[in-house]
Amino acid sequence: MPFPPLLRYVLRRLAISCLVLLGISLIAFSMAYLLPSDPVTSRYPDITNEQRAEIRRQMGLDQPLPVQYARYMASVFQGDFGKSLGTGNSVAEDIRQRLPATLELATYGIVFGLVFGIPLGIVSALRRGRMTDHLLRVFNLGAQSIPAFWLGVVLIFFLYFQWRIAPSPIGRLSPMFSTPPAVTGFLTVDGLIAGKFDVAWAALRQLMLPAFVLGLGVVSPVARITRSAMIESLQEDYVTFGQALGLGFRYVILGDAFRGALVPIVTTVGFIIGNVFAGAAIVETVFAWPGLGRYAVTAITTSDMAPVCTCILLIASTVAITNLLVDLSYALIDPRIRHEYAR
Amino acid sequence: MNMHVETSLPSLTPAPDRKAGWWRTAYAGWFGSDPLGLFGAVMLALLILMAVFGPAFVTHDPIRTTPQTLLLPSSEHWLGTDHFGRDVFSRMITSLRIDFIVAGLGVSGAILIGSLLGLVCGYVGGWFDDLVMRFVDIIQSFPLLLVAMVLVLALGPGVTSIVIVTVLINIPTYARVIRGQTLSKKRLEYIDAARCSGASEASILFRHLMPNTLSPIIVHGSLNLAAAVGNVAVLSFLGIGIRPPVPDLGVMVAEGTNYLVQGAWWMSICPGLVLAATIFSLNLVGDCLEGRLDPHRSER
Amino acid sequence: MSADAPLFQIDGLTIDSIRADRRRRIVQDVSLCVAPGQIYGLVGESGSGKSVSMMASVGLATTGLAVQAGTVRFGGVVQQAVDQRGLKQNLSHGISLLFQNAKGALSPFLATGAQVGRVLDRQAIPRADREARISELFRVVGLNHADLGGKYPHQISGGQAQRVAMACALATDPKLLIADEPTTALDVTTEREMLRFLKRLCEDRGLAIILVAHNLSLVSEYCSGLSILHAGQVVEDGDLGAIFDEPLHPYTQGLIAAVPDVDEPHELIPIAGSVWGGSADIDRCRFSHRCPFAMPRCDAGIPTGIRTRGRNVHCVLYDEAAS
């Protein structure tokens, strides 16, 4: 046995993920292929049919789908994801520019969602069937029911147009400030690193509303799963026994019951991380946030094939990696699963 | 849910309170005495009534443009007019009907195809099951919103393609749920009993297994309908989906955002409220039903 | 019966269960009294309310249970049973519990040694002594800390798990151990071993034990006092010898007639019917529908306890005998 068992498990999972990604790339490519417009026509609107056929031949678009796919994958492996017709840049460059914006938004949104969702779920479970639980349930269902795009519009209307509390929704940083040198790509963090606290504060103010809207969509699924998983784990014998030993809240509720509930919670959070991109696409559109979500939406609506394909691949890879991390975190959470994996 | 020991001697239990009216029995039976569920159901019923009968009563044409643009809400235009001078209230009512129809058709289609697929997968098992489930796995690892957008564009924007896409992206949920239900139910004694008494495979599948998988379908259906209404609106809001001039709540919110600067709040806020109320009522009903089926969620 | 001050005393404990707007009285006016160092048996069928009343008496009544009345006296302090939060204080100060499912009762996330350790952490024990104390506790329950201390509950056997649970319970230095069917999940030989071990603990440390069980013959070998519960009511309680020599309550008689005896084989007679989960508002003997001696007076009210021949018996049959 050249590898320790846990590492072997990881390697096996990685190999499977790669296969899944290959399958996804095929579907992503076919989907981009499905898009209605012809890339040649949209780039060169005024050409004759002969010229079009000639360009198509040069671009390899006359080849059958499998050949095109093979060529596409070959270039992807060389790091060439094609060119965006909309921006005129290479897709890799476009994504490199936009990824930090989305990552920053998503990080703040998810952290907000977890920081509120998990305690809400725990409190609901502990006060099950009481007034607190009912109120939190209404709040959760309400938060889940408000369409994010509409909430964004309402917040902008009241907080910006009416009361002028929020800054204008024009992206990550108002043009009055110069962008701090990129270290992490997070403007709030980079501003602090550069010692420009006013920039960091301005960036945080820009971020607040979009992150809140994105995070509110995270709160209720997290709170729901935390509640139901906690209710289940609170009924475990080890929780009763812990109480019977006189162990306090920290040990019994947070140490044992919450840890027992953590596996389904982490699963859900993984699922949310995989889905946060869809939420980001909406929020970015409403708040003019220069991120990947808006890039993808624009690419799809303008039938821009290369970015669509790359975005789908990127998101699917994120989902695959998240799933792997989620599965590995089970081993950290529960020694029973750790020993299962190591077998 | 009845885990307690029922009495072996009926005479020892007090007679059920006969004074309780039928509505109380129905309330306890259908909603598990959950006031929120009842509230959601009433709200939903009102919204559906509005969607069904509203368009027959609206006073203004929801599509025809008029010169009276961006009017404030008044007795003539209850929720004002939009940038084309169309009555916002009339458009909203019409949208509600369209959105209900689109989401309803989409979810019903998904239920039909998805449960059939799940039922067969769970019952037959083997390579067919493996194949379908791996496919479902892959579908579910895609960013569904993007997939939906691409598919709608590929099919050509419009009501029909939204319905088809709603069906497609919701099939995996039902296939999974019903497969799980079938797997757990097919080993139960009553299935063996049916088989022993000579029932055919088809009869076991459709007469004995399927009815017992209905309740999770209803729960998922109502929650799913809420999500579907939201998704249709999102697609329309992003400009892919139901397209103007056909009224849709998402389209109305999107159109309204451009006129917020001029203070025309009624254009996007009112349709959004109705949208949120619709999703909220569906979620309330779904949550209530879920609580009645899942013993962990009951209050005991 | 103990004449000296009781260690642990429950008086008039009454508990309702509320489920889906339905109220049932699952424990009615249960009292019991345990002397220091005594092994006391609490016997009843499944659903007779024995576990529920024990849990409620230490403040661990689960949600959906409403304690209606009763007091609990422990170590000279009397507390209202309604105040579950207050009763919980006893748990780290003299009362410990053991459960049926020991493997499930240990936290699956910690090695066994650490579990005992975290109970010890509640007392101010010097860091240096901590390891020694853990090893000592493992030794007391007959385990080797070096072997088992680093293992997780899912890696050890049920018997070992019950011993680790016992080490945890002993780490709080209890005066009373409530053992809720501690051996039901174990096989027969391990069961005997465990009970002998409990008895030795009782003798060595002056520990009182309440042994909750549904197996009357098992209890009879180890206990000196006994309460028999039926449908949430105490039917007979008192000195074990007295009850066994001359069972008075029809239910007790039935139970003892159903115990096989190797020395004097007799016909085993099952008790008819099953335990009744009754509603809150009916005050009557809850055994009458299974009782061969039932009479109209049984339904007149809850039978009061009648002190006679070394025990209390709750049955109208003995009303006249007392008066």
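Every chain is named by a letter (A, B and C) in the order it is written, and numbering of its residues begins at 1.
Keep in mind that, in the parts below, contacts are C-beta pairs under 8 Å (C-beta built on N, C-alpha and C of every residue); 3 or more make two chains touch, one makes a residue touch a chain.
Since we're looking at a predicted model, the values are computed, not measured.
Put simply, the chain farthest from chain B by mean CA position is C. Here the chain pair with the top count of touching C-beta pairs is A-B.
The mean-CA centres of chain B and chain C are about 51 angstrom from one another, to the nearest whole unit.
In whole angstrom, the spacing between the mean C-alpha positions of chain A and chain B is 25. The multi-chain contact residues of chain C, meaning those touching 2 or more other chains, are 63. Chain contacts: chain B has residues 300 touching two or more partner chains.
Within chain A, contacts with two or more other chains are made by residues 128-129.
Taken in their complex, chain C has these residues touching chain A: 55, 58, 60, 63, 88, 91-93, 96-97, 99, 101, 104-109, 118-119, 122, 152, 154-155, 165, 168-169, 171-172.
The touching residues of chain B, counted against chain A in their complex, run 36, 138, 141-147, 149-151, 153-154, 156, 226, 230, 233-234, 237-240, 250, 253-254, 256-257, 260-261, 263, 265, 268-269, 272, 275-276, 279-280, 283-284, 287, 294, 296-297, 299-300.
The part of chain A that touches chain C in the complex is made up of residues 128-129, 236-238, 240-248, 251, 255-256, 259-260, 333-336, 339. Within the complex formed with chain B, the residues of chain A that make contact are 20, 23-24, 27, 31-32, 34-36, 128-129, 134, 137-138, 141-142, 144-150, 153-154, 156-157, 161, 228, 231-232, 274-275, 277-278, 281-282, 285-286, 296-297, 300-301, 303, 308, 311-312, 315-316, 319-320, 323.
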